[in-house]
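Labels run A, B, C and D following the written order; every chain starts at residue 1.
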Amino acid sequence: MNKVFSYADALIRKPFHYCPGCTHGTIHRLIAEVIDELGIRERVVGISPVGCAVFILDYLRCDMFQASHGRAPAVATGAKRCRPDLVVFTYQGDGDLAAIGTSEIVHAANRGERITVFFVNNAVYGMTGGQMAPTSVPGQRTTTTPHGRNTETDGYPVNMSEMLAALHTPAYIARVSMHAPKEIIAARHVVKKAFEHQLAGRCFSFVEFLSTCPTNWGMTPVESLRWLEKEMLPYFPLGEIKVPPADDTGGRMP
Amino acid sequence: MMKPTTEILLAGFGGHGMLLSGRLLAQAAMEMGSQVSWLPAYGPEMRGGTANVAVCIARDQVGSPYVECPHILVAMNAPSFDKFAPKVKPDGLIVYNEGLVPNPKQRADCTALCVNAQEVAIAAGNIRAANLVMLGVLVGATELVSDDAVIAAIESEFAAKARFIPVNVAAYRAGVAHGKDGRCAQSA
Amino acid sequence: MEIARASNGTKRMNLPLPSTAQPPFWRPVHSLIIVVGNYGSGKTEVAVNLALQLAGQGLRVRLADLDVVNLYFRSREAQACLEAHQVEVVVPQGPMRYADAPVILPQVRGMIADPQVDCAIFDVGGNDVGATVLSSLHDVLAGTPAHVLQVINARRPFTSTVDECLQMMDSIEKSGRVRVTELVSNTHLLDDTDVSHVAEGVRLTAAVAQARALPLAFVTVPAALSTCADVLALPHPVMPLTRRLPTPWAPATPGGQ
Amino acid sequence: MKGNEAIAEAAIRAGCLHFFGYPITPQSEIPEYLSRRLPELGGCYVQSESEVATSHMIYGAAGVGTKVMTSSSSPGISLMAEGISYLAGAELPVVIVNIMRAGPGLGGILPAQSDYAQTTRGMAHGDFRLIALAPASVQEAVDLTILAFDLAEKYRTPVILAGDGVIGQMMEPVVLPEATVGPPLKADDWALTGCVGRKPRKVSSMFLDPDELNAHNFKLKARFAEIARNETRFEAYACDEPLDLLVTSFGISARICRSAVDAARSEGLKVGLFRPITISPFPMDALREIIGRSQRVLDVEMNTGQMLHDVEMAAQGRCPIDFFGRCGGLIPSAEGILEQIRASLAQLPKGGVP
């Protein structure tokens, strides 16, 4: 009989607490599968954020930090600088990375820290109850934008990937989406590339996942995937935004 | 006889090099086996404002490194003289630069020595060595430390810029000569 | 067994007994009861007391804590009491129980049409914000008949007039994609409640009910007042209410554990 | 050596090869010195984007089992409060140097002892206390820096070295320990080093279950009580005999008090000096014993009276306590303190010790 599904070894076998239709669980699994594929589980140190995904440290079978809100890139800097042999990644949401932690992410990227950042953008503050995120789209209704995000007073969604790509140092920046199986398969390739750049000693790799929050969006799982596709993609174009030049062999660090 | 702790205040404009003079003095005293402390009044006036440094030299432990009323004042310019001369302890010593302190208000209960530090420094080869002239006058007059110890400190300080050693040593020696013969003494 | 139907909205209960042994007062016609209302209206106390009442009637009751908005005073805090009375409680377990995260368990969807359950009660968070979570369940809720009870406490801000209560109803219905089917009068001032507060609440709730042509399902009354003559004279079903989420400084409620 | 440089070199001698920091007067010589030395030694120096980030960089560094230090001055330490709380909660050994300046707010850059209360009462949100060491000379700054690393490792806690602008800027001769770099941090049983052949670990301050967090906080409290039993340090100078006046002071102001006490004793006055070296945990019992045989106490600080509360706790109302403080960057002079000593003694009832 063909085996069609198995747990990733790097994933602890327990049910996710995430709401039905939330894509955190899928993203966890992609990361775990790639960790297995690259055979790096025993070298990985992950850093969980504040937010719903803080519990990633209960789901991955590797050494994990819990970090303060927005500071994961600083924690990663400390860990990687002191132990360059470790494979260090952070897992951060939009409030964490694109609001309170903008300073840390920009400077970690600019210093070229040899870390990998997974940025989960679901355009809303999930944990605190559905308030506006820096990445909420214009017109999006949240508990703090009851009449929809007003670009006059709240500005436009922050395009973190494009912002970071404007810096000279980062090696790899890509945006993927979780709204369709095809996109999820593409995301898995990108996760793998991001880790491979770190393993090659290249500076700073970054993957932005467009994700859902059915509970706070007030949508069924299927509706939320459609909403992501229809409302978020126009503001957050998918693809590899920055890749290392062809002659960059990296390798300044093991 | 040397007091248990000798408190010296060296003051001037930032850039005059009084902090350096103090460091050379402390270094020389330390090498000669004394306990020393060197405490700069640091601040935004690092360049151009008033800068002063307290040096304490003791046989045993230095107590407070902070000097309010020094035994000895070395004043490079008028603001420094005006600010600190009234605080010098009775029977203290005030060394001042007559080139930049045109109208000194003398203390009746202190010894004063003056020198035109810039002129002496120019004669020694570089006007910027005026701080070494002042240090020389102090050491020449008090013999707090030996010339050898000061010159060793100068050589160590300028080890990376050895070409500056001769002019600094020359300026220092010129200062010592002034200090020793006390020609400029204006004791009241 | 005499049963008062909520839908007639007028049948008066006979309540001569001590509060711990109240006779059954209300049997739902649908197996799903959704409790909504504004912040602090007393949804959770109503949901918990209702669950205990129905379980006392021999029904198999399961209560889900869907309050993802406010970490404090959630029905999960009455879990031990509920379970002691054979009410199943669906809340995250372990440390997640205390997490400030909007955790909607997959079991919540599962319990909506579970034949093992006579009565599924959803304790929803406050206002339209709390009701948003119902919208994420819209695919399963849309085809399921349910009692949607709006709890009204006339002594709370934003629900002290008929218009405010109607606005609250509209916003909850919009964000949750549900229709309120019945009203519950739950006006109280905690331990300072007296009969006049109950009467004030009934007047308001009845007026709201009239404005939308909805039935008033029942009136809650602090257990200690439930045998007062004025209460007995109310033309509505009465649910004696014992606080199951006591404030930390209150002495332990008898039967609370 | 200059105090700041001496602290930096002492850290290297203690085995600290990793430093994360942000410049601020009057401690900038520490990052400047280490940015030159650490890369030579195979370690790292990282200039962070802010003190907030710094405090989390050392969290990451200590979490992977590295001896690590940062330094700052008062406003920067406030920015580190967030990370310090996480470090305490996750029980990570780090050394944090605070070369205090005058506050509040931007205040001034001159020396002060303005952060005693902040330093000794936990420093940040949550429920914890830290070890804090207050040197009174450059030599002691060296010795206490090395001790700080030992204590941090032994008790798995952040340790604060609480100096001030004078200590940082002053130059004094120092004897440094052997030029050998100290041993690496012993962290085999908790650090995140990659889970080779063992179960994965977590470094976290998250305890959602109230019972667990309750137990965790009381565990930290018990550890601090153990530290108080084993590690409390103080200097009692000229305190052997019954005293007419006991002067209490810490850090550099205690050093100045010592000169004043010497001067007073040379006049035949019965005056002693008590100086806590661990300002946290505070040497409460030792001070209480000496106050028990003193007529009066004079507390001297470079603030408006912060350690004063600990001195009052030690005294338990047994004798009057005077306070003499200068702040804003002013330094009390030995002459000024001597005057205060005379004034305090003048308050004593005639006839001396009853």
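Here is the rule we use: contacts are C-beta pairs under 8 Å (C-beta built on N, C-alpha and C of every residue); 3 or more make two chains touch, one makes a residue touch a chain.
Computed from a prediction, not measured in an experiment: that's the story for all the values here.
K.L.:
Can you check which chain pair, B-D or A-D, has more C-beta pairs in contact?
P.N.:
Most contacts of the two pairs: A-D.
K.L.:
In whole angstrom, how far does the Cα centroid of subunit B sit from the Cα centroid of subunit D?
P.N.:
34
K.L.:
Taking the mean of the C-alpha atoms as each chain's centre, how many Å separate subunit A from subunit D?
P.N.:
40
K.L.:
Rounded to the nearest whole Å, what is the centre-to-centre distance of subunit C and subunit D, using the mean of the C-alpha atoms as each centre?
P.N.:
56
K.L.:
Quick one: subunit B and subunit C, Cα centre-to-centre, how many Å?
P.N.:
Here the centre of subunit C sits 86 Å away from the centre of subunit B.
K.L.:
Touching at least two other chains at once: which residues of subunit D meet that condition?
P.N.:
There are none in subunit D.
K.L.:
What are the residues of subunit C that contact at least two other chains?
P.N.:
96, 99, in rising order.
K.L.:
What parts of subunit A, by residue number, touch at least two of the other chains?
P.N.:
Within subunit A, residues 54 contact more than one other chain.
K.L.:
Once you draw an edge for every pair of touching chains, what topology comes out, line, ring, star, complete or other?
P.N.:
other
K.L.:
Residues of subunit A touching subunit C in their complex?
P.N.:
Of all residues in subunit A, those touching subunit C are 15, 17-21, 51-52, 54-55, 126-130, 143, 214-224.
K.L.:
Please name which positions on subunit C make contact with subunit D in the complex.
P.N.:
94-99
K.L.:
Which stretch or stretches of subunit D touch subunit C in the complex?
P.N.:
Of all residues in subunit D, those touching subunit C are 207-210, 212.
K.L.:
Please output the residues of subunit C touching subunit A within their complex, sorted ascending.
P.N.:
Listed in rising order, the residues are 68-69, 92, 96, 99-106, 109, 129, 132-139, 175-177.
K.L.:
Show me the residue ranges of subunit D that touch subunit B in the complex, using the header's touch definition.
P.N.:
On the subunit D side, the touching residues are 25-26, 109-110, 138, 165-166, 169-173, 252, 255-256, 258-260, 262, 331, 333-336.
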